[in-house]
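Below are two complexes that have chain A in common, paired first with chain B and then with chain C.
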Partner chain A sequence: MRMAKTTEVMSTRQLAGILFMMRTTVVISFVPLITTGSAAQDAWAAGLIAGLLLTLAAWAVAGLAARYPKLTVIDYSRMLLGRFFGTVVSLAISWHFLLIAATDVRIYAELMRVAFMPNTPIWFTTVAMVFLASLAAWFGIEPIGRAAEAFLPFFVAFIALTLLGAAPSVNVQNLQPALARGPGPIFSSVWTPLSIGLQWVSVGMLFPQLTPEDQRVRSAVVAAAVSSAVLAVVAAVLVGVLGTNLSSKSLFPFLKMARSVRPTRTIERIEILGTVAWGLGLFAGGSTMVYCGSRAMAQILRIQESRKVVPAFGALVALYAMYAYEDAFELVGFFRPPGFPLLIALTAGVPYALMWASHVARHLVRRHFGR
Partner chain B sequence: MATDLVRALISRLKGRRRHGGFGASTDRSSPSSGRNRIDPELLADDSLDVGARKAVTDRLTLDRRLAENLRILALAAGPSPDITVRHIVTDASLYAAVIHLQGIVDEERVEGVVRTLSSAGATRAQDLINQLGASLLRSSHVATVASFTQLWGALSDGLAVILADGHNQGLACSAQSFKTRPIEEPPTDTTLRGPRQGFIEDLTTNLAMLRQWIRTPNLWIEETNLGHLTHTRLVIAYIKGLASEELLAEVRQRIQRIETDSVLGTGPVEDFIQDTHLSFFPLILRTERPDRVVGNLLEGRVAIMVQNSPFALVAPTDYGMLFQSADDYYEPVPIVFVISVMRVVAFWASILLPGAFVAILTFHHELLPTSLLLRIVGDRAGVPFPVIVEVFLMELTFELLREAGLRLPRAVGSAVTIVGALVLGEAAINAGLVSPSVIIVVATTAIASFILPTFSFDISARLLRFAFIVAGGSIGLFGVQYGIIMVVLILASRRSFGHPYLSPVAPFIRGGWRDYLFRTWHWAKTMRPKLVGGREPIRAPRGQMPRPGASPESEGLQQMKPEGPSDNTRGQ
Partner chain C sequence: MRLIAALAALFMAFSAAGCWDRKEPDDMVFAVALGFDIDKDGDYVAIAQFANPMAAKGGVGPTSQPAGSAPFWTNCAKGRTPFDALSNLSPALSREMTVSNIEVLLISERLARRGIAPIMDLVARDNELRLAVSAAVVDGSLQSLLESQLPEDPIPALAIQRMLNPIHSIDPSAMSPGLLQSIADMLRPGQDLLMPVLRLNAGAGSESGTGSTSTGSPVTHMGSAAFHRDKMIGWLDGHESRGANFARSRSQHAPISVQSPAGGLVSIHITHVESTITPRYVDGDVSILIRAKVEGHVQGQTGLDEGQAGVNFADPESLQHLRSRLAQCVREDIEHALARSKQYKSDFVGLGNAVYRRLPQVWRAGVGERWYELLPDVPVQVEVEATLTSSGLLRESLHY
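Showing the complex of A and B:
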């Protein structure tokens, strides 16, 4: 087994910031489009429940990593599941990093085309953002963490200002009657936002580099809880402003909401705030995913220096982002249940469940048989 | 044959270190006297290059014969008119000579040396040198010289060297009188309330200034020489026990790694020792102000100073230090806070404003309020260029004016800049080549860039501005945002002597904010910055916030009370 060799460290605060930005970015891009279809005015409740479940999932991912604090998920997956199955799981995890990075980039590229640059080809925005993410990954996780930490206050401020700007336009009647259709539609709307929490797999890669050690699990869990709370607030404001019908039919509901409000006579448009926040979040998430993916591939391929893999992995991300989806509607369709949640459950949920089971079994064997 | 000998010498010399490192370079007491003496006649060969000449002179030791030593001097230094040799016959009939370089010695002190030497009664040359060194010479510093390298080093330092016929050692005594400019307020970093004191080109004077500010013996200064032709003095100054030993080791190691023929000021040193050569932003602070250097030394940083340069380098440096001005520490905190915020905003405005303006006018009209958009579009009617060309040309023109103003004599320079800006701007608008809104943007950008206190930081902003104009004009606000992310990423990846450049912002360090971008009160600066001053983190006790005393009325009443002794007389 090849251990992850790196001297880079990252603070748990930086990790929490990256996870928060990463999830908030993807979530606000399509939610509640992909949830309000069934949850309607109760999209905020679906967000809260998804957040609760994500917090548990984050604990499961970080908790397992805490059992093997010096190893990455690539290392202990092979240790726990055996060489063959471990390698299969490692490849699946690498693919997750590729998937998340490519999908995030494509969402942003579609947003730019729809909102600001209708004549700029998708490939240009995609390649530009992937280049940036790859450059950051090439610099290493320390600069990524620091840059994300520097951006976080602006990210939060821009999202908050957008929500504040939209707040006067909220029609409370759009959120009523609350929970009138029972829990069924709400629970059916939980799975996509929960599955987007696949991003927390990156904790398994970054865990050995996190400091201080006693806050590693907590930072992952807190980031899940806070970002889910933001999701619930965003969903409530969105539905409040746009109504259930419009918010379930708009391609980028958050952008639609920001464009539909006019806070003052001199400040007529505020969508630029959300878009900038989007870009910052995409950078944080995309670069982290490219970094994690490159490291994972380097470990699988037994390449000592993960930096060498970054260009190739970046190229894969760019190709995947450009060719995996025909257009924005196909992208939205990809996220719709049950396809996306099932895919994630099979490729991430089941492997983690197996790894936990193996870990518990090994633990019990060690306790009872002393080996 | 001579060439072969020199080649052999050079090959031997290449095997050892070029310079002795800190502390070793000033110690000239162990010359190569123990080795075989080399024939000085080799220096008469005009085909020798400078490396070979150095190899030879490094091996030359002084001879017992005065005439031979003077011949060595003539061969090594050539017919230099500034070398003065005063031949003397002492009262005891010994032949001797006093040698010095003109212009860097005090002639009266040299005359004193000559008088003392003439009246010396020693009958043997060795006794003469010993007596002069021990008691006769009224000089603050005397040192024995035994090799040509030591002899020339002493002469270059402004010492007078006494050689006596019959002894293979000379005596160097202090007689320096360097002509330096007076200590003045530095033009690059002026202050309203701070001291009017700036470094000058003389390193000794600069060090004396530091000593006046920090009077603890723990202010340590280490010296070395750099440049095998210039032998430039370089010192690192730090407070022993406060600056971390790891930082000092890193600084020493980076300086000792320098191998070059010349060091002309702090610029070359900075080039050699900074963390990366590809950086738009200064990774080492340059300042002419002793108070800024002292402030940084007191936080645990290290200063590097070089002979013939009025600038000191301070390491490690972070992004926030470049926003600080000396005046920040002499003005009331609330005012400084507002000014500091303005500086940060101005820095980013000076980089982003033209690019964002171009992006919005080219691609994102909808982001502007309608009335403002109509006004700008109306003003632009008839302008033949796209906005990007318009802004680019005006920025370029402004940069040309600024450079012209810098290079011209001061009296003319400001006039050219002002007249050029006014006339050009007015004429360009009248000719319909640029719109007033572009002039306003360019002028605002220029004013914003003038607010920055660190010139090297301003240059970075000026260059980046053009990149942002191109980005904004090509791909709109996406390009501007892309550029911002790129700049912050690069800043985040930089280190200054191992310290993250963006700290304490990223990585966030809670205790590091008290004197970062925004200054705090002096009484609140109880802790040193964690990364550089972590060795002795506590700077001052807490609880020194000023508290109002009793009201003046009650104070007055207390003083007017006739009964009871006052505090001053209570113990008598």
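Showing the complex of A and C:
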């Protein structure tokens, strides 16, 4: 078995920043809490439940990685599931990195086309963003981590300022009646945001490079909890401003909210803040996914230097982003439950459950039989 | 590596240039107001008002054709859909039109009665139009209004926008809710839309002849248009729309004159209104309680003839009298609005929405489906608590 060999390191704080930006970016892009289920005014509650479940999932991913701190998920999946099934799981995980990077880029490209640059072709925005992400991945995880750390304060400030700018337009009546329709509608909005937590599989690739070692699990779990809390707040403000009907029917509700308010007579337009934050988050998330995907593929293909795989993986991401979704309708439809949550449950949930089961079984065997 | 970095920088520079969507300000013409009407054949009519910043300082009169010396000009086109009509404005323009800077969206009465859903759909869908703009229904000729010069501002759209959004002034009429609020009201269960009205004064192209007190301005912002779903049902006068806004806590400033205990009238400037709408469901019947808390201060009084001392504000009885008169006036305004709401079967006060929010099980149990049948017979109790915060900068009245 080829174990991950790397001299690169990244701080747990940087990882938490990347995970936070990555999740916040995708989830504020089309706000699945509101657009993929029927939680409506209770979207904030769906956000909290999804956050709780994601925090558990993050613990499961990081906790398993902590049992094999020197290995990547590609290494220990083969160790735990055997060569064949391990390779299948490794390929599925590599596909996850491709899927996340490509879909994130495509959503951003659609935003650019729909809201700002209707004549600019999708391929141009896609290639530009993937090129940037691939370039960062080529330089390695350390520059990505440092860039994410530098972007994080701006990212948080821009999101916060957008919410502050929209806050005077919040109508609390839009959030009523609260929790009046039972758990069904709320849970219908939980599954897609939870499934987008697939991004946490990157922890399994980056774990050996994280420092300090005693904070690795905590950083992944804290990022899940904080980003989910932010999303619950975003959902509440968004419904408060736009109302349930308009927000659930918008393609990009967060952008729609930012464009629909006029905070003051001097500061009239604030959508640029959210859009820039989105771009920063996309860079952090996209480059991390290209890096993780390239490393995973390098390990599977037994290529010594993962950097050599980056251009090919970047090209795959660009092609996938351009051709996997014909238009914005298909992109939105992709995330709709039950299809997307089931896909993620099968390709990520089941493998992780099997790996955990195998780990526990091996642990018990070792304890009882001393081997 | 340096080569890659240099290529990346070059690539980014090209990306930033926006080759496909470049827009040169010199090649564009900016609409500042947009109006929609409908003609006899059912075609949509779009009327755009364009600013001419070069001539805005001049004060030369308007024209319907682009001209270097006019501060503004208008253009009009028809189409089978609102977007068609909007697009058909372009062939008459030498520059690319943009509507991203419009200040107001005006809708003719004829179109409002036909239904504004297609207009709202266009505005919510378009990537240039914004929901932050002010909206109003025009009582009179929309085209005449957009071609009229207003005295306060060389560009009428700006004057209309300020008229619809008074900052500190006392406005007895409906404040402009803005398009966002309008769409939210239209889509909210048990709630109908109330839009401000711009009336063309007599002699300025008015078709309805409703008249106006204003002589300097060709247009007056007074009253509201009541809708049911997306269709306008009828007009509300200034008192009724003020009452509706009192009940919805949307009006903060209003002048009210009440009978003075010492003779004459006392003018009170209402500075704050806070209302709650509480639904009740007893024995299968819905009833509503509207509680309004009103704050104001004395702004002036009449009846100060020789020997008349006016109101003694130090006298608790006089103050109590004023408070109860003020409360009565506010109550009457709210009751007028409710009567009109029941007459039109348009729930612009939002009684149904209060049932939907506060009694969701009752709403789902069938009341929601039958709400507009029930509305005329729903008993509504109005309680008003009035407070006078001060007598202005005088403790006592000036008397001679």
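Definition applied: the second predicted complex is superposed on the first by the 365 of 371 C-alpha atoms of A that agree within 3 Å, B and C clash if a C-alpha of one lies under 4 Å from a C-alpha of the other, contacts with A are read in each partner's own complex, and residues count from 1 in each chain.
The rule we apply is simple: a residue touches a chain if its C-beta (ideal position, glycine included) is under 8 Å from a C-beta of that chain, and two chains touch if they have at least 3 such contacts.
The shown structure was predicted, so the numbers you read here are calculated from the model rather than taken from an experiment.
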{"item": "Touching partner for A:177 - first (chain B), second (chain C), both, neither", "value": "second"}
{"item": "Contacts of A:272 with chain B and chain C, given as first, second, both or neither", "value": "first"}
{"item": "Chain B versus chain C as contact partner of A:135, first or second or both or neither", "value": "both"}
{"item": "Partner chain(s) touched by A:245 [first = chain B, second = chain C, both, neither]", "value": "second"}
{"item": "Contacts of A:260 with chain B and chain C, given as first, second, both or neither", "value": "second"}
{"item": "First (chain B), second (chain C), both or neither touched by A:117", "value": "both"}
{"item": "First (chain B), second (chain C), both or neither touched by A:337", "value": "neither"}
{"item": "Contacts of A:169 with chain B and chain C, given as first, second, both or neither", "value": "second"}
{"item": "Common interface positions of chain A, toward chain B and toward chain C", "value": "116-117, 120, 124, 128, 132, 135, 268"}
{"item": "Touch list for chain C against partner chain A, complex", "value": "4, 8, 11-12, 15, 18-21, 124, 127, 130-132, 179-180, 183-184, 187-188, 353, 356-358, 360-361"}
{"item": "Chain A residues touching chain B - in the complex, by the definition given at the top", "value": "11, 13-14, 112, 116-117, 120, 124-125, 128-129, 132, 135-136, 139-140, 142-151, 265-269, 272, 275-276, 279-280, 283"}
{"item": "Partner chain C, residues of chain A touching it in the complex", "value": "114-121, 124, 128, 131-132, 135, 138, 169, 171, 173-174, 176-177, 180-181, 241-243, 245-246, 250, 256, 259-262, 268"}
{"item": "Residues of chain B defined as touching chain A within the complex", "value": "363-364, 366-367, 369-370, 475-478, 481-482, 485-486, 488-489, 492-493, 500, 502, 505-508"}
